[in-house]
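To start, I am sharing the structure in question, which I have written as structure tokens.
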Amino acid sequence: MFKHDKKLLHDVKVDGPNPNYAALLQEQLGGPQGELKAALQYLSQSLRIKDPEIKDLFLDVAAEEMSHFEMVAETVNLLNGHVLDAANATVGSVEAHVLTGLTPMLANASGYLWTAAYVNETGDLAADILSDIAAEQRAKVVYEYLYRQISDKGVRETIDFLLNREEAHNAMFREAFNRIQDTGSQKDYGATVDSRIYFDLSHPGGQSFDPGHAHAPSFNPPS
Amino acid sequence: MFKHDKKLLHDVKVDGPNPNYAALLQEQLGGPQGELKAALQYLSQSLRIKDPEIKDLFLDVAAEEMSHFEMVAETVNLLNGHVLDAANATVGSVEAHVLTGLTPMLANASGYLWTAAYVNETGDLAADILSDIAAEQRAKVVYEYLYRQISDKGVRETIDFLLNREEAHNAMFREAFNRIQDTGSQKDYGATVDSRIYFDLSHPGGQSFDPGHAHAPSFNPPS
Amino acid sequence: MFKHDKKLLHDVKVDGPNPNYAALLQEQLGGPQGELKAALQYLSQSLRIKDPEIKDLFLDVAAEEMSHFEMVAETVNLLNGHVLDAANATVGSVEAHVLTGLTPMLANASGYLWTAAYVNETGDLAADILSDIAAEQRAKVVYEYLYRQISDKGVRETIDFLLNREEAHNAMFREAFNRIQDTGSQKDYGATVDSRIYFDLSHPGGQSFDPGHAHAPSFNPPS
Amino acid sequence: MFKHDKKLLHDVKVDGPNPNYAALLQEQLGGPQGELKAALQYLSQSLRIKDPEIKDLFLDVAAEEMSHFEMVAETVNLLNGHVLDAANATVGSVEAHVLTGLTPMLANASGYLWTAAYVNETGDLAADILSDIAAEQRAKVVYEYLYRQISDKGVRETIDFLLNREEAHNAMFREAFNRIQDTGSQKDYGATVDSRIYFDLSHPGGQSFDPGHAHAPSFNPPS
Amino acid sequence: MFKHDKKLLHDVKVDGPNPNYAALLQEQLGGPQGELKAALQYLSQSLRIKDPEIKDLFLDVAAEEMSHFEMVAETVNLLNGHVLDAANATVGSVEAHVLTGLTPMLANASGYLWTAAYVNETGDLAADILSDIAAEQRAKVVYEYLYRQISDKGVRETIDFLLNREEAHNAMFREAFNRIQDTGSQKDYGATVDSRIYFDLSHPGGQSFDPGHAHAPSFNPPS
Amino acid sequence: MFKHDKKLLHDVKVDGPNPNYAALLQEQLGGPQGELKAALQYLSQSLRIKDPEIKDLFLDVAAEEMSHFEMVAETVNLLNGHVLDAANATVGSVEAHVLTGLTPMLANASGYLWTAAYVNETGDLAADILSDIAAEQRAKVVYEYLYRQISDKGVRETIDFLLNREEAHNAMFREAFNRIQDTGSQKDYGATVDSRIYFDLSHPGGQSFDPGHAHAPSFNPPS
């Protein structure tokens, strides 16, 4: 069951309206590395997890990502301001000015609608956690790109918080991965000699990466 | 520049036509964990890589995935046989019988058309390699699912080969990750206290995962 | 902020596994009239609502729809059972058997991935509530179709509950509409004579519907 | 059978070319609340309607929406002018300048291609008419947004006409709804006590909307 | 302006209900080579054509394709029959039984929703007519595939009629192409030596096709 | 099997960075008439071709289009430069600045993600070649539009080369078509009187195109 608390997970504010930056920030609402994708990926994956602690982790993070979604949405809302002015919406999607009456939208910065094609779920916990570690890293990269391109202090604080949270999730998913790293698709299923070949198909450029080790990936324990 | 050799990377054969299994195997042609996605993800990511060895790796693997695409396509082709018979195509997509004249198609097992929404690229090498490690793991899982559901020996041999190759790529991407793990989005960008909080938002279920360590992920060196 | 309670809003159970029906029920997870669409439509629309009571209503219902999503997902999960058996998945999408390892998925009964194109939001409260009344009615119709085609008692109980809840939401949205019916796009904006013409463009068949009344729609008060 | 008359339903003109506004107006050609969606929704729904008068209404309106589509397309055409100049196409989609040679396109203002995901049809007349009332209201809202952002007199006249026509359709659909309001999904199917509960899931904020009345919605008779 | 006549362009009938074949026939309603695509492609392209006779041709054919759409839809309708029975809908999309209440839908045989990505328009008449000749040929091929797989006499008559009409359109578009073949993109724009090279990139297999002639394509005059 | 050569098929260079034009040029990477579509269409179609010379042609051209893809991608890369600056990315998609870190992307100029809906394949060689002739012509038109809107000499040289290559492919496909023009869907299948009717459905405007000749299309031999 989901419950909602009208208090945001973390307050947001903006120095002032900035419709063009609102369009950019949409990327993290409705883009492939955004909060909606994260929330729905973890929620979907959680549905079949048996380990209660890991299931709890996925649901904690899914609920937090939904809460991030709210924070980003509210920031976009504030940046959109109160004036429909498509003529000056010269960067990215213009939908806020013609379709949604300045309401945030489930689309990326260029107006591409959110699609479940962004969500990866396999029913294999190891593969799913690796997907999530990668997803958090990508989300962090996008927030870094967005951070660099805004001077509004309120927005910067919010992005800084969210970026740190992706880092936290990343650490937690890594810890979870270490716990289950000898299970599921990480188990040795009997790799053959084919897993130790290197096909050198792009020329020039020899072989620099050793495919000989088909060992399961793992993350260093916290030092 | 791409060159094509009419010899397949690895021969394929099938015991006999099996249109329903052909539909299933489409998943790895045109699905989110399939060969086209892999090839185009690595090719796209390679476009801005500066490290020549890693760029070479990405292009070697991209060319190999294109070659896998061909192997899967040829297998689907053989499994489709030579008779349009939609009435007996009771599993998954029916497009081979009404649209493509039994030619393999850029769609998944249920007929959903391939979309670039499956492709992740960020311009950050660490994030991209993590995406690729996860992608290879997911591809392997799907091949395992497909392997379990077919007794055709020719198909099994092909899937076994491809599965081992995903494992090989996984090992190579892990090695690449270890080489660059202190760069780009892996660098300490100044994580704040926010990265060490755990929001316990799903109840009951306490905190079992320690978010205190916002250290960069890494893969154990080959032992 | 969203919080999650591991207890479902309403318990679900099934008489036994039924993978084909699991595929059908996916329609209400990831289809256009399903629970994800409802939750995200109300949540998105709520972002700019000013009236605190109506905003609260939208958030109450959004959280409930997310909770329905969980109920449907858990039911699909149980119906999927524990055996990958694509060969006998002869109805609808086959993705559970080749892609998601029997985990429910953000797609409809035929495997079409969920898209934000299903979500309507306009920033105009009257238009949004009318959209929601229609959405609830459509959701109810789909549940009726699904109810008729299953004899599993557990599934029927769950559908019956959900169907009644759509009815409840419908009643609440109607009440909300009555409260705001002279505002926003419901206001007389100065309709011209053009709003009273009937273009009789399909022949034969005269004019039976009087376009002369461009009055605002309203719902009868509860009698 | 459809027949075409080269005379527009209503003449259109523009004061002069305005490629940026052409991009905006694309929203009502190929967007979710646009004319193509309306035409195809009503046409699709009409296919299974039995009541001859209502079927006639749907086909009259579908043909009119196709005729509106032509009017909007011709207006976009005139606004696009005769010069490919992508560098100055700074608002919304740039496809007219690189892909379509200034021809209007089945996409929204930001270039998202039209998708049948916008079309709702359920086979239940009550649900379909409610969908249509909501669709007309949303279309009206978008036209109002577009009207406010253009001073070109020709464009304003065309939008004013179209806006009034949506209002007319809205009135006709309401009248149709009143005629069938005790049928199909509007009938009492035996609502249970579950339809009278209010789940207060967003806090703070109590219950202000009474879910106790699961009565069928209806529209006030013209007064 | 579009007008509708309730008489079909050509009567349709079926020997009896056949829900699985109804799903297959959906391909020509909402698939890439179907009637909706044809109608909207020709209508879109017509919007900027200046030659009045060719514009008239495009509009004649667009209106006819809309009329074909109706014929196919009515046939799907009859084949769907009157019983929701998803359990026996074992071929292709199952949406008619869970979503649309047996109403035809804007999707292909496997349930993929129609998308404007199917529509090609360039603003260049020569390119557009070549696209249309190819589109008609593909439509014919799909109808042939569908024809072979049904013994219902009513359906066969309808497909035979439609197939002949695609042939007629093909002939008309070829005639139109011959008229304009020295204009637009057919004109010699100053091809360089690069247009006469053959890159022999797939081995083994030499060069059998002479790229030396960059002459404009043309169609033989009727003999 | 695909092999990659790090040398481009033809060198590319740019006079200097030009992020807005980079966005425009994306059209030919990830748009409907772009290089990825061409490569994947010919590769897909080739899978079931039996004639060895025509199969070789398709694979030669597919490999060349993949090589063009690389050239366009490298050009976009150079035009994107090295500075994330979304605020000045006022034309088309802004994804390079927020999502991909200036890496080229599988999307068109306005950010619409590449979809396999662009790819036509029918299993009928005549229909496929006609599709390819049309595709090459459309690609040429888009390159002409792009050429006109850039003065950068390096870019112009690259576009000129690519445009000439589309012309070369066009010539080769026409020659292929002439070889197979009495086969497959080109054969007389017994056209009826229905193929010789003209439905004059758009008024005013009589019949100017003679549908009486259902002869197979053909291309004039090189003169």
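The chains carry the letters A, B, C, D, E and F, assigned in the order they are written, with residues numbered from 1 in each.
In this section, a residue touches a chain if its C-beta (ideal position, glycine included) is under 8 Å from a C-beta of that chain, and two chains touch if they have at least 3 such contacts.
Note that the structure is a prediction, hence the values are computed from the model and not measured.
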{"item": "Touching both chain D and chain E (chains)", "value": "C, F"}
{"item": "Touching both chain C and chain E (chains)", "value": "B, D"}
{"item": "Chain pair with the higher count of C-beta pairs in contact (B-C, E-F)", "value": "E-F"}
{"item": "Selected from A-F, C-E or B-F, interface repeating D-E by over half of its contact pairs", "value": "B-F"}
{"item": "Centre-of-Cα separation between chain F and chain D, whole angstrom", "value": "34"}
{"item": "Distance from the mean Cα position of chain C to that of chain A, given in whole angstrom", "value": "26"}
{"item": "Per-residue overlap in chain D, given as positions that touch at least 2 other chains", "value": "1-6, 9, 32-33, 56, 59-60, 62-63, 67, 90, 99, 101, 107, 110-113, 115, 117, 122-124, 141-142, 201-202, 205"}
{"item": "Those chain pairs that satisfy the touch definition", "value": "A-B, A-C, A-D, A-F, B-C, B-E, B-F, C-D, C-E, D-E, D-F, E-F"}
{"item": "Residue ranges of chain F touching chain D (in the complex, touch as defined)", "value": "20-21, 23-24, 27, 31-33, 90-92, 108-112, 141-142, 145-146, 148-149, 201-205"}
{"item": "Footprint of chain C on chain E - complex, ascending", "value": "1-6, 84-87, 89-90, 93-95, 97-99, 101, 107, 110-113"}
{"item": "For the chain C and chain A complex, residues of the former touching the latter", "value": "1-9, 30, 36, 40, 44-45, 47-48, 56, 59-60, 62-63, 66-67, 70, 73-74, 77, 99-107, 113-117, 119, 121-124"}
{"item": "Of all residues in chain B, those that touch chain A in their complex", "value": "9, 32-33, 52-53, 55-57, 59-60, 62-64, 67, 115, 117-118, 120, 122-124, 126-127, 130-131, 133-134, 137-138, 140-142, 144, 160-161, 163-165, 167-172, 174-176, 185, 189, 191-192, 194-202, 205-215, 217-220, 222-223"}
